[in-house]
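Let me begin by handing over the structure; questions about it come next.
Chain IDs A, B, C and D follow the sequence of writing; residue 1 opens each chain.
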Amino acid sequence: MTATTLDAYPDAVRDAVARARERVSALHAELPRWGLVVWTAGNVSERVVVDPDAGPGERDLLVIKPSGVTYDELSPAAMVVCDLDGTLVEGTRAPSSDTAAHAYVYRHMPHVGGVVHTHSTYATAWAARAEPVPCVLTMMADEFGGDIPVGPFALIGDDSIGRGIVETLRDSRSPAVLMRNHGPFTIGRDAKAAVKAAVMVEEVARTVHISRQLGEPLPIAAEHVDSLYARYQNVYGQR
Amino acid sequence: MTATTLDAYPDAVRDAVARARERVSALHAELPRWGLVVWTAGNVSERVVVDPDAGPGERDLLVIKPSGVTYDELSPAAMVVCDLDGTLVEGTRAPSSDTAAHAYVYRHMPHVGGVVHTHSTYATAWAARAEPVPCVLTMMADEFGGDIPVGPFALIGDDSIGRGIVETLRDSRSPAVLMRNHGPFTIGRDAKAAVKAAVMVEEVARTVHISRQLGEPLPIAAEHVDSLYARYQNVYGQR
Amino acid sequence: MTATTLDAYPDAVRDAVARARERVSALHAELPRWGLVVWTAGNVSERVVVDPDAGPGERDLLVIKPSGVTYDELSPAAMVVCDLDGTLVEGTRAPSSDTAAHAYVYRHMPHVGGVVHTHSTYATAWAARAEPVPCVLTMMADEFGGDIPVGPFALIGDDSIGRGIVETLRDSRSPAVLMRNHGPFTIGRDAKAAVKAAVMVEEVARTVHISRQLGEPLPIAAEHVDSLYARYQNVYGQR
Amino acid sequence: MTATTLDAYPDAVRDAVARARERVSALHAELPRWGLVVWTAGNVSERVVVDPDAGPGERDLLVIKPSGVTYDELSPAAMVVCDLDGTLVEGTRAPSSDTAAHAYVYRHMPHVGGVVHTHSTYATAWAARAEPVPCVLTMMADEFGGDIPVGPFALIGDDSIGRGIVETLRDSRSPAVLMRNHGPFTIGRDAKAAVKAAVMVEEVARTVHISRQLGEPLPIAAEHVDSLYARYQNVYGQR
């Protein structure tokens, strides 16, 4: 890998990249903390807006984990910066092999500011059966607004994974998609929100799995799902 | 949120609130420690008696976690104080969105001094099927005195959850109720006892679930449940 | 609790008790470390031989955890000393409510120097169905020499639990018994060996449970179990 | 055990042994970290090449954990060195009782530089049913290139285990074999790669187990397995 630099970018962008490196590095620690990854698997990215007046795919950058590096070795400086074609812009290591999928999402979903990918156990177990997680918990209604959908089987190496994510999530309130035989991808307005969705998708995939082991969980009526979702998105937390 | 104060209350109440803030903050750490919560889910509260001569719903206060705040950020000062209508009395953050349920319990169950709510995995899995946990373990007989009951489906936003808890627990020896499609609420003479019940409800929900996966656990005769419960409540621990 | 003392005992016994307090306190930390206990559940004891020429039930002491005390509060000084009738000999707290069962084992099994009791999840799940764990793993053959047997249902408060343990283990190579609807008790030549057996009984109960969830594990021929057991007991480890 | 020394070996070999002691000691910490072992179970070894011109079985050494020693007591100095007949060459403790199996692998698979053995729960659960783990996850295709195969039942004490490992892995792309009723052995170009395979075999054994609990995971077409495997082995990570 040839080192490259952000010299051609304005100061404000370089500052924004530096802050995103801090956040993305720190947020990676949440993945092993919540048991979502082993060894070097999993990655978090965040979008850095370069020109608010340009289209989302044209100028923006993303900060992401380098490929095949363990969680113990991560630091803000170890993160790498790519443009939305997945080309390395700053950093001395190869970016995550999932960078193309992250970049595709940022190009096609302008409101998305963060993307997370893991192979977390229970979410991946549903993905291996290509079965959506049914919305039978109030915390699922709060966070996902319905079932967690399944995306297509897709090979790594071109836009297939990114396209599968975008096509599945475009018509869903869910910030999580279970890519078939692969694992979950989550999105959010920033990297922290996408990490929260990655934690929650595993939590609900696990709880519903366990509930289903001994019988059929009771559904929640659609109008109750809607009212829980509306309330949580608008009222929960600190304003 | 407007900061408010306890200036109108006697010194003894302000001291009792300060001590309750310490206890409630420290007890929140038990929830992630025992794996009962992820991210910002879950909450512990404790009653502060203001006027021992008044009815339980009239003057008392409760100390509880603020809404949507992570477990790393908790401290005695971060806790918030509400009256039993759920109105903020001291603190600068919005109280937990479950405050109304806690307050309802304190208003209607005078002997309850602590309430805990989690979405712990196995207890919530039983709740999603609306199935009580049968009393097939001596530790369940000790601690719960019988099956762990299920409460109704209830939406957040009014008294429904609190009423469901109180109506279910009023006729039970169990300090835990599994609210349908939602998760467990537990009560105790103080916050520590309610936290212990939250730890134990998950432990027994998990053990009985696992036992049932490979066959039917053997019941414990009702008279044995009674004698185990009586002994544990009166003899166990340090007097 | 009235404090009592070991003043009537020879110096060598008082020294042996002090060393046993250190070991028993340290070994308690292994129970939460390996996930075998929650809150204050579980206990470890060790025998202290007072008069090697007397029968085992006549003079020996045991060191054990006090009742209902959390694992964070344990220290050598917090342990309590009882005679083999379960009467407190040294210490200011009530002994574990399982002390009578431990004492019964020491009185009736002279070669036993340590006893451990937990409610570890998978072992207790087998116990709730009163089903022995079949010997389908080489590590089970090594450590247990066959199936892990089930003991009777027994109420706390008299010799029933101790008698159930002794009658079940007397004819078994297994250092572990699953007391019905209750949980595992393990024995060893000292407390450390009994703790190892407590760790291993949960490990094999869990692995065989999981294996059985998707089909029937293959048995190990009896002569292979015998040869694995003989080798492990005589060759493994440092001599 | 008589202490022996490497005095008869060239300086370069003694240096290589010293570095291997560091690596093997540090890598043992990964086994409890990822939950693959309890108590003293499990072991990691690494080959030290003595004479690159000799055949692999003739002169090489291996560094391995001593038998029955806890993970807390491990250090570079505590590791032991054996030749490929399993004879102790340097160290004061008995080598792991699995040393003969490791040595057999090094003698018969010249490209293998590291071997790991655990009783990790889910992999051992498949091994107890003698059932291969089917390749239904992209991460399995990446890492294992197909199903994870099962080796024969074999008693410890002669070459049976080593021969079973070698005969099973010789015709497989998988770096892991599930020895029947026993547990997984993994290989790699060095000890770190074998440890990674030990972590991954448990991860995929667990995820596929959980997926199968509620239905049948969807297979991945053979040509997709091949292309995922080829890409991962050649492109992933830092070059």
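What we mean here is this: contacts are C-beta pairs under 8 Å (C-beta built on N, C-alpha and C of every residue); 3 or more make two chains touch, one makes a residue touch a chain.
Bear in mind the structure is a predicted one, so any value in this text is a computation, not a measurement.
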*Call it same or different for subunit A and subunit B: same when shared residue numbers make up over half of all numbers used at their interface.*
different
*Most distant chain from subunit B, judged by the mean position of its C-alpha atoms*: D
_Interchain centroid distance [CA atoms averaged], subunit B/subunit D, Å_ = 47
*asked:* Using Cα averages as centroids, what's the distance between subunit A and subunit D in whole Å?
replied: 33
*What are the residues of subunit B that contact at least two other chains?*
213
*Are the chains arranged, by touching, as a line, ring, star, complete graph, or other?*
ring
*Let me know each pair of chains that touch one another.*
A-B, A-D, B-C, C-D
*In their shared complex, at which residues does subunit B touch subunit A?*
1, 38-41, 66-69, 93-94, 97, 119, 121-122, 124-126, 128-131, 153, 155-157, 180-183, 209, 212-213
_Taking the touch rule as given, give the residues of subunit B at its contact with subunit C in the complex, in rising order._
34, 136-139, 196, 199-200, 203, 206-208, 210-211, 213-218, 220, 224, 227-228, 231, 235-239
